[in-house]
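Next come two complexes, and both contain subunit A; in the first it sits with subunit B, in the second with subunit C.
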Partner chain A sequence: MMQPPKTDSTVAMKAGDTLLSVRNLNKHFPIKDGILQKVVGQVRAVDGVSFDIRRGETVGLVGESGCGKTTLSQCVAGLTDPTSGEILFNTGQGSQLGDGDRIDKLPKDRYRTFRRNVQMVFQDNFASLNPRQLVVDIIGRPLKVYREASGSDLTERVVALLEQVGLGRQHLYRYPHQFSGGQRQRISIARALALDPELIILDEPTSALDVSVQAQILNLLGDLQKERQLAYLFVTHDLGVVRHMADRMITMYLGKVVEQGPTETVFQQPAHPYTEALLAAKPDLADDPDKPFALLEGTIPDPARPPLGCRFHTRCPRVTPSCGWEIDDIVRFLEADESLFQSLQGVERRSARDADLIFKDPASAVALQEAMKSSSVPEAMRAATERLTVEGSRLRATFSEVDEVQLTERGPEHFAACKLDHLSR
Partner chain B sequence: MTSNLEGTEPPVIAEVRDLRVHFGSKRGRVHAVDGVGFQIRDGEMLGLVGETGCGKSVTGRAFLNLIPQPPAIIAGGEVLFRPRGGAACPACAGSGCHACGQTGGETLDLLKLPQDRMRQIRGARIAMIFQDPGKALNPTLTIGVQMAEVFLQHKSDELLQDAGISADDRNLAANALRRIAHQEDRWLDRRLKRFPPLRQAAGRIQQALDARVAAALAETQIANPLRVMRAYPHELSGGMRQRVMIAQALACDPDLIIADEPTTALDVTIQARILELIKTLQERHRTAVLYISHDLSLVRKVCDRVAVMYAGRVAEVGTVSDVFSNPRHPYTQGLLAAVPRAGARRGHLASIPGSVPELVNPTPGCRFADRCSQVMPACTQLDPVLGSVGEGHSVACFLEHPPHAGAAKIEKALTE
Partner chain C sequence: MAVTDLPTPPKRETAFGVRMRRWRDLLKTLLSNPTTFIGFLIIFLLLAMAIFAPFLAPPNVPDPYQMPRDWGATRMPPGTPGFPLGTTNQGGDVLYGVIWGSRTSLQLSVIVVSVTVVIGIAIGSIAGLVGGWIDETLMRIVDVFLSIPELIFALAVAAILGPSFTNIILSLCIVFWVKYARIMRAQIILIRQADYVQAARVIGDTKLSIFFKDMLPNASTPIAVQATLDMGNIVLVGATLSFIGLAESGIAEWGVLVSEGQAGIASGRWWASTFPGLMIFLWALAFNLVGDGLRDALDPRTEDKR
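Here is the complex of A and B:
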């Protein structure tokens, strides 16, 4: 077995206290256009996210592709710099996390402590293991960088790590391509464990693996957590895995947290329609096989122009008039109608909720007005329409103003960002 | 969920018999598919599940003769297919005999069919939905153009009729148009196309073609088919691309669709919609579907019957309810126990120890023997064969069928 490495963070600590805290984190990517590469917009990949990770717990982060979960995990690992917001990490200086623990302001030696205590396991183990290095070099590298071991001591440490993940001495001098997918993921985990970290960020660690291999890896992660008091940030889109692994889970949609809470509570009583839809879309072997799929309309909107109000309102099956209807919803509705969309010439916006839509001919404007009053648009959208007047070939539409949705408390440690107080079933 | 509502079994539309596909490699012959056999009945959805490398995709591709040779070597077996409304069976002249499965239709061995016959079947009678629509669609053509290829290839006579050119017209213009519709146009035809009256007739063909493409797209619930037809694949989202693939597969109303992991590249919410779509279209057209997947919970949800494959062989076949509620093969049991599910939280998942064996020059015996918890001496010496354990439920395992049950087979195996 490995000797416990002596780091600042191994000073006495009680399990359960906050290890890492993310506060109002934003990561925006600029969209550049033209010869001068002028910034014309921002993709808000992560938009005002806050959460805590405690020592020894597993936090699941779920959402569809493009919801910002990978960007968020990279910010937490210190691999990209957030646009704004704070990430605080307990480097063992005091019990309360404060401004001095911001990872972008840490002095050099404490930053090294942070880096060695937060490790990452990537999804694609083909890309994350150097094909030209031997396993002993891959796993031994963190130990060399931090001057933990050298020479035969290093080899012994690597062997100990390999044995912990279910491999052995015979694998030391092999290249990554000589291993199967599950074994390569074990090597990735051994590398992450080398410096005895406190937090491991697992970015879809099993999505490329078969079920039986996935079970082996999940069991290994569970054992290691028990043995070493590890905290995991488990990024995945597989809800079955989250339910099996996570103590708490966070659901993200278009860069925002829509729900967070203890896993079992969220699974049994989801408080956000998006979480509810995600849970219903994934069949479980324990379900009744004849239960119909709960289907979600449409696709994720463009993250460069996220919908106002609740970002999920364009697809939500439980949408209300106060969910943030806007002019872009009319444009999305028009895109599905070939003839009306062709005759649309422009949109003159007074604000995001008040605009003139200019058509080629008055008939199209009247046709849209009729459509907007009929059942072809959601009832909630009709109820939210304050003004819908036609002047010649211009249609003026105004929607009522609503407040932003905030995360509100729904139970112990259970938060959701939805206008509805509870979801009736 | 069962397909035989009237009590009569629908006819077997396709059958794989003892299929063996090997791949040549530096280290020897890889027995990727080694004696696979199952039947697909008309209008049913058969799930083919197994882990990576068990040969399920190769089996699926054998139906379309899409296995590249070399490196593959088809070492034996048959892939039989009976198209609906095909020619009469040569053995019994349509009255129904054992050779044609009482259908009276002709039986084709897809592996021995000449290339031009295969071209007529591929896309028209058997279609395929590929795993990654981003790779399967041509990035340089618009959706409308690549969808049109299906109709030009298989439905050009109907297109000509829609455009008002009957099969009896044999004048210069009609022949030129016929060549255009059959994609056999020469440079002269392309020149001629510019002059009336050919231009008008060619326009009518194009219109008929566009109408068919739009109708096919509309059937997969694409909201705005005309806009999608003008778009290139990269302009569409993953779910939309998969809808286009499904529209393309269903365009000629095939008898059998091979769906090779159609939702693996998609998000859960989109996946649910695509599955629902495949299921409703399959029920509407009464098409048989071979649904290849590694996701057990999805197969349980959408399929009627399921075949579990392991290391190039079928381990267990049966109805979905039988196999999932009462798995008889240790591999199926292990696979089902390895899926995290509600209720069994935070404990240890039962994982199958070890990993999939290498299929280079395998020794006789059950392929699962070295990972099996209930291994017996016979398992490492003899090949288990599929044997019935209930109505329509078969398992290849000596636990169910002790070796002495098939004495002749063992003697043969021992003497060889």
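Here is the complex of A and C:
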């Protein structure tokens, strides 16, 4: 398990500024199998994530599909209980956020404070509104739950909220299906605003909308933030949106934070090759239209068996011998080679970095040995190989031990988890 | 689906008015389907018959649900003065049986459907919401119930309880809840994950309120369709049970009347069985037509366009 990054101790801030703090958060989903539903593995959707959100700021959370950003946002919203780690919410008590501020340990009245101050807007604008309820009931519901208003007072509060998001009184008594996607997302935002929260979690709020409507919603969110001192946790995979909206951004890969820092700094000087690759894959109108995108090769590895060391080393264009090469990398290489993979009979592991690969015949073992020495595997992988010996039909491979990769400081508030000190261009 | 704002503001809308319009629209869609319209018409006539039974046929004293016996006028054919649909072997007025039988059938179907829907929703919701071994256990019980044909199962239960009309109601209640439990569980599992339920949780609403505001209304459509179809099926199965003698003889119930009249069919006395049989047929047909129409009208793929 990774040590908690230094965000919470060395960059400790006054509790007055920090609204919400996530510390070493883990969310693992058990994989169950068989009639007894025995747990055979864990999907580490979120693995040792730490960050802070300050009052009035926007934090962008980016990453590919399946990197755990939605799971993380659901933990922050209190919808799922994390496996371990803590989420602290500043309810205005004490000068330092401490153990007593954990949202799972808050006393009832302070939990209510957390609950009404952290709201959420979902990606699917249709599915997030109850199709059997009228707009007045949907937006008025939070006010009813906290007994803030009733009767005609409630209706007037709902009208005020509708007007804030660019809708009006004429929309009070309509069903969600009578609206367009952008209007439905406005209704969702109005519902989130009803309790005047301090933090709104936006889970890809614009990815289901047309580009022109996206811009309207983003501008609305920007205006509301200025008016109300809102903090946003903006979950998205759209880097353009992040650059437009976010003060700070966090890049996640396979459940781990690989880089976090002020948005402009990260865009100008990405310190992790994954962020760099994401930025390179972003379409830009100014680019030469004939230039192909710099795409990442391969697919996201199975999160139930994440790669050792830096989890990105299987796809990294800047990979080094110390990025955490392991036996599974040989297996992944073999999976691409049909005939060799067919003759593989088993893997006897001494450790994750030392194992015997048993083949049907000595020829296959020798063939793999040759391949592992040739340019068909990355150069860094060859350099990390300590031992590669064949005994009959067994191939023993050992990789050198390396330190775990840590988030390290790269500049003011800028952290990255990469072995490379800086990325040369 | 975009909202087109009318140039002139519509007259003041109210939540009540909008909800009523939704029901009116549903009814309009239903009635625009000719077969559903016929179904509604038959149900309307049958209900009118049940409600106005005391005016259509003066109630028998002391128990109006008992067939009157006129031993001086047995085996009269239809058209006999005073007995427009003829009489049975025991001198029972077939018309009286047909009219008061609709009340019996209405009681039977309404009681059984309400009881089974409530049981089914409760058990299905518990299974879907709690999950784990409770879900497993409940659903295996449901599987056992579903593996036995409804009629045979109801027959066995009614036979164990002893022959009476009350026991027929009881046995149908025991048999018919399983489908609702299945439907409800499937709906709950689907809705539990829906974003609008998550949204309600983020607001901080209570579990009970989420169940009644979000889950139940959105799970109700297939339950309503099944309940309508069962209004017909239950009368059919109930009549079958009373036909084979699991109800008290001599009560004004269509199945009993068919049973009492069937011996005379071979000797040409067709009327004692045919008229009550026709009523059973009409009852089951009407509710099936409406149930089918309801299913089409409430189909989620077409509902939004309304």
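Criterion: the second predicted complex is superposed on the first by the 402 of 425 C-alpha atoms of A that agree within 3 Å, B and C clash if a C-alpha of one lies under 4 Å from a C-alpha of the other, contacts with A are read in each partner's own complex, and residues count from 1 in each chain.
Keep in mind that, in the parts below, a residue touches a chain if its C-beta (ideal position, glycine included) is under 8 Å from a C-beta of that chain, and two chains touch if they have at least 3 such contacts.
None of the values given here were measured: they were computed from a predicted structure.
In the three-chain model built by superposing on subunit A, subunit B fits alongside subunit C with no clash.
Once the two complexes are laid over each other on the shared chain, residue contacts for A:Gly222 go to subunit B alone; subunit C is not touched. When both complexes are overlaid on chain A, the residue A:Asp290 reaches subunit B alone and has no touch with subunit C.
In the overlay built on the shared chain, the residue A:Ser180 is in contact with subunit B and with subunit C.
In the superposed model, A:Ile35 makes contact with neither subunit B nor subunit C.
Looking at the shared chain after the overlay, A:Val213 reaches subunit B, while subunit C stays out of its contact range. Contacts of A:Ser65 after superposition on the shared chain: subunit B is touched, whereas subunit C is not. Shortest separation of subunit B and subunit C in the overlay equals 7 Å (C-alpha atoms, whole Å).
Where the contact sets of subunit A with subunit B and with subunit C meet, they give residues 180, 183. Remark: subunit C residues 1-3, 5, 9-10, 13-15, 17-19, 22, 194-196, 198-206, 209, 213-214, 217-218, 304 touch subunit A in the complex.
On the subunit A side of its complex with subunit C, the touching residues are 74, 77-79, 112, 115-116, 118-120, 122, 124, 127-134, 136-137, 141-142, 145-146, 170-175, 177-180, 183, 188, 191, 195. For subunit A in complex with subunit B, the touching residues are 64-65, 180-183, 210-216, 218-219, 222, 237, 239-241, 243-245, 264, 267, 277-278, 280-287, 289-290, 293-296, 299, 335-338, 341. Per the touch definition, subunit B reaches subunit A in the complex via residues 1, 51-52, 223-224, 226-227, 237, 239-240, 267-273, 275-276, 294, 296-298, 300-301, 320-321, 324, 334-346, 348-352, 355-356.
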